[in-house]
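Next up: some structures, all given as structure tokens.
The two complexes that follow have chain A in common; it is paired with chain B in the first and with chain C in the second.
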Partner chain A sequence: MKKISLAFIAIMLLAVTALAGCNNEDSASSEGKSKKDVEQVITANLGGEPYTLDPAFASDTTSFWVINHLYQGLYAYDEDGEIVDGAANKVDVSEDGKTYTFTIRDGVAWSNGDSLTAKDFEYSWKRVLNPETAAYDPSQFYYIKGAEEYNTGKGAVENVAITAKDDQTLVVELNNPVKFFPKVVLGEGFLPVNQKVVEADEDWAAEAAGIVTNGAYTVSEWKHNEQLTIQKSESFWNADQITMDTVNFKMIADATTEYQMYKAGELDLVAALPAETVEQEKSNEEYKNFPSFSIYTYTFNVEEEPFTNAKIRRALSFAIDREALTENILKGGEKPAYGYVAYGVESPSGKDFRDEAPEYFKFDSEKAKELLEEGLKEEGWDKLPEFTLKYNSEGNHKKIAEVLQEMFKQNLDLDVKIENQEWKTYIDTFKQKNFQLARMGWSGDFLDPYPVLNLYTSKSSSNFTNWSNSKFDDLIAESLVEQDENKRFELLHEAETVLMEEMPIIPILFQAQNTLISKKIEGIRLDVLSKPDLRFAEKVSE
Partner chain B sequence: MYIVKRLFTMIVTLWIIATLTFMMMHFIPGDPFASDAKMLPEEILENMRAKYNLDKPLAEQYFLYLKDLAQLDLGPSIQSKTRDVNTLIAEGFGPSALLGIQSLLMAIILGIGLGVVAALNHNRVLDYLSMFIAIIGISIPSFILAPLLIKYFGVEWGIFPVASWGTWQHTIMPSFALALGPLAIIARFVRTSMLEVYNQNYIKTAEAKGLSTFSVVVNHGIRNALIPVISFIGPLFAAVITGTFVIEKIFAIPGIGKYFVDSIFNRDYPVILGTTIFYSTILIITLFIIDLAYRFVDPRIKITSRGE
Partner chain C sequence: MTNSLPETDALFRPANPAHFENKQISRPSLSFWQDAVLKIVKNKMAVIGFVLLTAIIVLSIIGPYLVPYSQSEQSLTEGNLPLSSDHWFGTDDLGRDMWARIWAGARISLIIGIASALIDLVIGITVGGVSGYMAGRGKTGDRIDSFLMRIVEVLYGIPYLLVVILLMVIMEPGLVTMIIALSITGWVGMARIVRGQILQLKQQEFVLAAEKLGTSHGKIIIKHLLPNMMGIIIVTLTFTIPQAIFAESFLSFLGLGVQAPTASWGTMANDALGTILSGHWWRLFFPALMISLTMFAFNAFGDGLQDALDPRSKN
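For the complex of A and B:
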């Protein structure tokens, strides 16, 4: 009897505090804004038709933007951008760091009611690796045992170490004990698709009706080339946390039109402000500049004279006034690059990887001249052989090439030729290493220095510099298996130092995202790797 | 007999166009799979090429394509992945055609009106005013006019929605932007040929018969003055109903105009071929209809093939 009354009192107390809580909330919201009366709809611009909403084939940021709202992988980002558990709520890593055992959450489901199981992940991942699928980027999976062999036709699917032990347990074995594997698994290629749906219709993701998702949203309407609407998914296990009910993605290709629509109140958000408007919006409180995990470089072909000499390569880097370029000419919020890895990676010390490292070079025309002299002496030349700077015609690359040409003339008295080609032709030229110095940009696959530094190892398929350095290769290889995060970052810093001393590439600048977000919207999370996360956004007024 | 012959010529023309386009597009350097985002390893690219038959010899690809084409199948779009070229064209043609026809009607009605007014008031204020408007129409390119329309009618005065698609209000600004150029050209054509027609004896006869000015202008004047306009409208019709890159981009119209340009940048081979063939077909059919129309406005023009 006593027990019951105690329980009763406890319940009453709880109820009272809960009510009091409600009251507080009510008075707080009536003072400021009454969020509850505002319909939670946001209108953003995708920029064009997403080519596919099937995560296996997506390759562009447009598709990724929608896909990241529709599906959820084993891990996820929370509203602060922290990596948290996603579809799996338990992850066990073996002592040697090579085996990951994921436990899928109880009761997670697809939007069509099917339950989501470990088998869905096994199927989806092996589908990406199947050479016949011709998925966009199976190479992200190559950390997994047997994956590369299967994908390149040298091994069988049975030897791929992705196994669903039962409906809830997924076991993945890696080639190396890579510490950053969770960051890799956050990639879009690792998102699950529903086996039954995919097998029933190969083009399941072509129309709104066929798309089955496991994430925060489902597609409610897809008017091709016009508008795509996604609606909060009631079957999503974490639906309570999702504040935005509906997202309308318009497909406006023209950046100026997009800007005008925002000004006319037809859009709540501009994710990529046209460069020419940045200057005039800078003082607007709706404007926000955010780094992007990408680097703009000029790449040397170190087997082509005159760039066979590291001092000559470095001389060019010292002759570039990056601050003048970003502040006075581009004015698009870009940051001058005095190192290679872009801003955005938090190292174990809590600092940004970039801020931890020294500035590897700066603008110094005296030093540039000195290095050039020394380089010429080493090579036995009295004058630098002529060279051509190549770039692709699109965007502001022409402007940057012309500025560099001018700076090399002023600071080193060099006559540099510049030459441009349309993008796809340019890529061909670049891959054939048919250049002396050429423009190229990189974004990281995941938020770690490893994927961007790894691009310049000897066996990397993205290294077109002809530069090969065993010390660099060793450092990168060592970092791959290093289990101590502090040491791993030290190794990566050392590798970057080698890269910057040898300088097969000149870092020019770090790209930025310039956004306008309406004052009516709160809680949009900007991300250095992708477009804004709208899941936790909240509309506070009409 | 004439129709059969004409049909045969049409098919041969299309085959030649398809063949030339096929050859030319494979001469352009570059690869449809070289994406902006990443340099993929060669093995992965090989898998992608195999999926679209691009690993086969060119001659084989060509015959495979012709075989599909004979069955009116324009193939898959490499860029769009899940949607084929037939679907892309079928979906985008509606908005493009609607906009095209609307702007063409606007151009014809206003152009003829302006031309007639100018001719009837030859060397007077209304003439100069009409021709002033026409000169402006010819000299302002649509990519200048469109942002101006957006800035004032869309943002500042809020009369029309800035861009996008859905209601009739969305179609007004792009239609006008598209119409202004042709409108001006038509006005100048009509003015010149009206002036010419007005010196002909049959007009004097009609006037002498005591017909009203309206009747003279409509029944005798315009009808004869339209012949040069019709020759101009034919190719224009084919061009505007298949969409325009610039206007559709600026106003975010879900049309097919962008595929003509984007497909080339993306090296999306089936879309390059598909759009070229589609446009050629429309153009050839339009020219055929125009030939028939000549006969309607001027019975003296006979449709015969040589030697008949």
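For the complex of A and C:
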């Protein structure tokens, strides 16, 4: 025991000295060299070994980050984040909006020299749908005719409407004329893999030597759990546009270590800054804050008392001072959420979807008390049954849970218990709906209100609230087939209104990314859906 | 006639009382406890430990009332304030007063330490006493002894952290669960020590005498054996308490301990981990300091007690 107390003192001393050493600045860049003399190498941190580099199985942002640099789909993002033609240079949409005909570019090739054809896409997409493949998310293909049936074992592969008419023509038929289908096709699951390579060796993506890509980069070295290096691919059709030659991805799990390595000049980029450092880095010109298309919510189980009553659910929402939370506690550029769909979706009117909608609630403790009383009366309760708020132990969640606990006490005079679980246990608890009120965050699969709203339909496999509303379901279903963008957005707004009035979830805030990008690097594109795009980056000084 | 001593009585003279002194016993006759107190007072470390301990206990009682804040009251605009006359130990990230939280945490620590020590005491003495006393008393006695000792060994063999974590999963995390978890395996050390002592003491004549006079087993254990090993029991206790306190801090640090809004030194230290980067040193320093000081105080005082209560050390 004595040894342990000594150890504590030792740690404290170390901590104090470490603080003193925090502010060493990078030495000024050497002048006189022109851009062309600078070796185009960037070093970033992946945070860990990527789960896989096979697009069919990737599910996490770590894998996606590398994969997005290795492969290119039918569409791509340019350096401004606009959706442009990718491997296909012509897309024809039939008049009824149900048939897409993609024409593959001339001269596009795989990194092993094979030419990339429409057949590669047909093979890759059907591979994801094949139930035997057990790919990560085949459901994103369900807009395609026959896809759901094949994937769930009810239909044959021949009935899946993905057809390579010839080497250059890919025809895809949809169940519904889905307007946002191009955004869906941008998903990682739709990236092509090389049929010959995959069929020759099912572990093709496990080592650097076996990986064949069609995008901007190839894998030149993969030291597992240590470093992954990708090199600009000379066979990429658009190689001239790619300015960064080499990307080194380190695999450092600890965010503090990552931060210190950046400070020591060993990394050029910190994609996710540790929360504790955001405040002191804000004045740093290398600091960049960027929104992310994701929402932080608290989810009700509407079959568990006391949250069987919508007024009681709404009372809690009115009792939360979101601004105090984002401005005083988190301070990482998060925005208070007064609606459900995050910022970032441009509506046909040119405005942001969020700005078009009214604020569905605000912080108002009087209104909260009123709603609570009405709710109690409706249910015939004298006082609110006890409830527990659950969250997972990682990151900022504890802080937020404690703030909510105190706000419910101050504004509604409720004694709320809070309980935490570590992520893996928590996700099980959550999926088993073993909660009254629990934290959960969502990011959209693509930049549209549909994928996030769709999470709360009765059919959705991600709806753990037990909430089911036929009006909401109908509006979402209607929006899927609506061809007029204006009307489609109206329907989505209406659906959001229903969701916010019934409130099976409390939106708390819209999340943000906090990054540090070295002054030596220009042209890194930040994205609301994924990690920074390094393809068009340029190192301007050593 | 004057009444004077006759000259012939020169052989007899009044005694000079000063001469008696060299016959006096050199050490005052002191009871066992008086002797112990004297020895402790002479031991500097033990005195420091005792003073610290008293200070911690007193402040854990009155500390939170010295400031106008409660330990759970948040003031979101006043997060991470450094030490000042308003907030003596600064505030944490949610604007809660660190002074109030430190002493509220001290209460939790002390309650857990003392409660689990008392439970250890009761179970440990009962099991150890019965086991040691019954050993060597015919077949039944030996059976009882080995049965109880096997239980002790099994519990000793299970990693305590595992038991605690499993229990925390089944039961609702909190103060009571924590005390139960720490007591489930905590008493085995005490049981072993008591058994060893009893095995030694029961060989002595006064036990034989009591037995021959028809005193019951229970009475012999309680009236004759226990008082003779009070010293070692108390010393064991002073080491059990800091162990329990440390275990509480450790478990709370891991998120298995007391739940918010209750403050505990362990959770406070955990919350403050990130401050190594942000520079709000007071948030990690004070909980860590308090844990260290408490451990030190109990150990220093316990060491002193051990020397003082050991009948073999007569210096």
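A few comments on the model shown:
As a convention for this text, the second predicted complex is superposed on the first by the 509 of 542 C-alpha atoms of A that agree within 3 Å, B and C clash if a C-alpha of one lies under 4 Å from a C-alpha of the other, contacts with A are read in each partner's own complex, and residues count from 1 in each chain.
Please note the rule applied: a contact is a pair of C-beta atoms (placed from the backbone, for glycine too) under 8 Å apart; a residue touches a chain by one contact, two chains touch by 3 or more.
No experiment lies behind these values; they were computed from the predicted model shown.
Once the two complexes are overlaid on the shared chain, A:324 sits against chain C while remaining clear of chain B. Of the two partner chains placed around the shared chain by superposition, neither chain B nor chain C is touched by A:413.
The larger set of touched chain A residues comes from B, when the choice is between chain B and chain C.
With both structures placed on the common chain, the touch criterion links A:92 to neither chain B nor chain C. In the superposition on chain A, contact is made by A:138 with chain B only, not with chain C. Once the two complexes are laid over each other on the shared chain, residue contacts for A:405 go to chain C alone; chain B is not touched. Of the two partner chains placed by the overlay, only chain B lies in contact with A:252; chain C stays clear of it.
Of the two partner chains, neither chain B nor chain C is touched by A:355. The contact surfaces that chain B and chain C form on chain A in the two complexes overlap at residues 256, 422. By the touch criterion stated above, chain A contacts chain C in their complex at residues 1-2, 4-5, 8-9, 11-12, 15-16, 18-19, 22, 256, 259, 274-277, 279-280, 321, 324-325, 328-329, 393, 398-399, 401-403, 405-406, 409, 417-420, 422. Across the complex, chain B is touched by residues 49, 51-52, 54, 57, 59-61, 131-134, 136-139, 151-153, 203, 205-206, 223-227, 250-254, 256-257, 260-261, 263-264, 266, 422-425, 427-429, 431, 443, 445, 461-462, 464 of chain A. Remark: chain C residues 72-74, 76-77, 79, 93-95, 172-173, 239, 242-243, 246, 255, 259-261, 271, 274-279, 281, 284-285, 288-289, 291-292, 295-296, 299 touch chain A in the complex. By the touch criterion stated above, chain B contacts chain A in their complex at residues 28-31, 34-44, 47-48, 50-51, 79-83, 91-92, 147, 150-151, 154-155, 158, 161-166, 249-252, 254-255, 258, 265-267.
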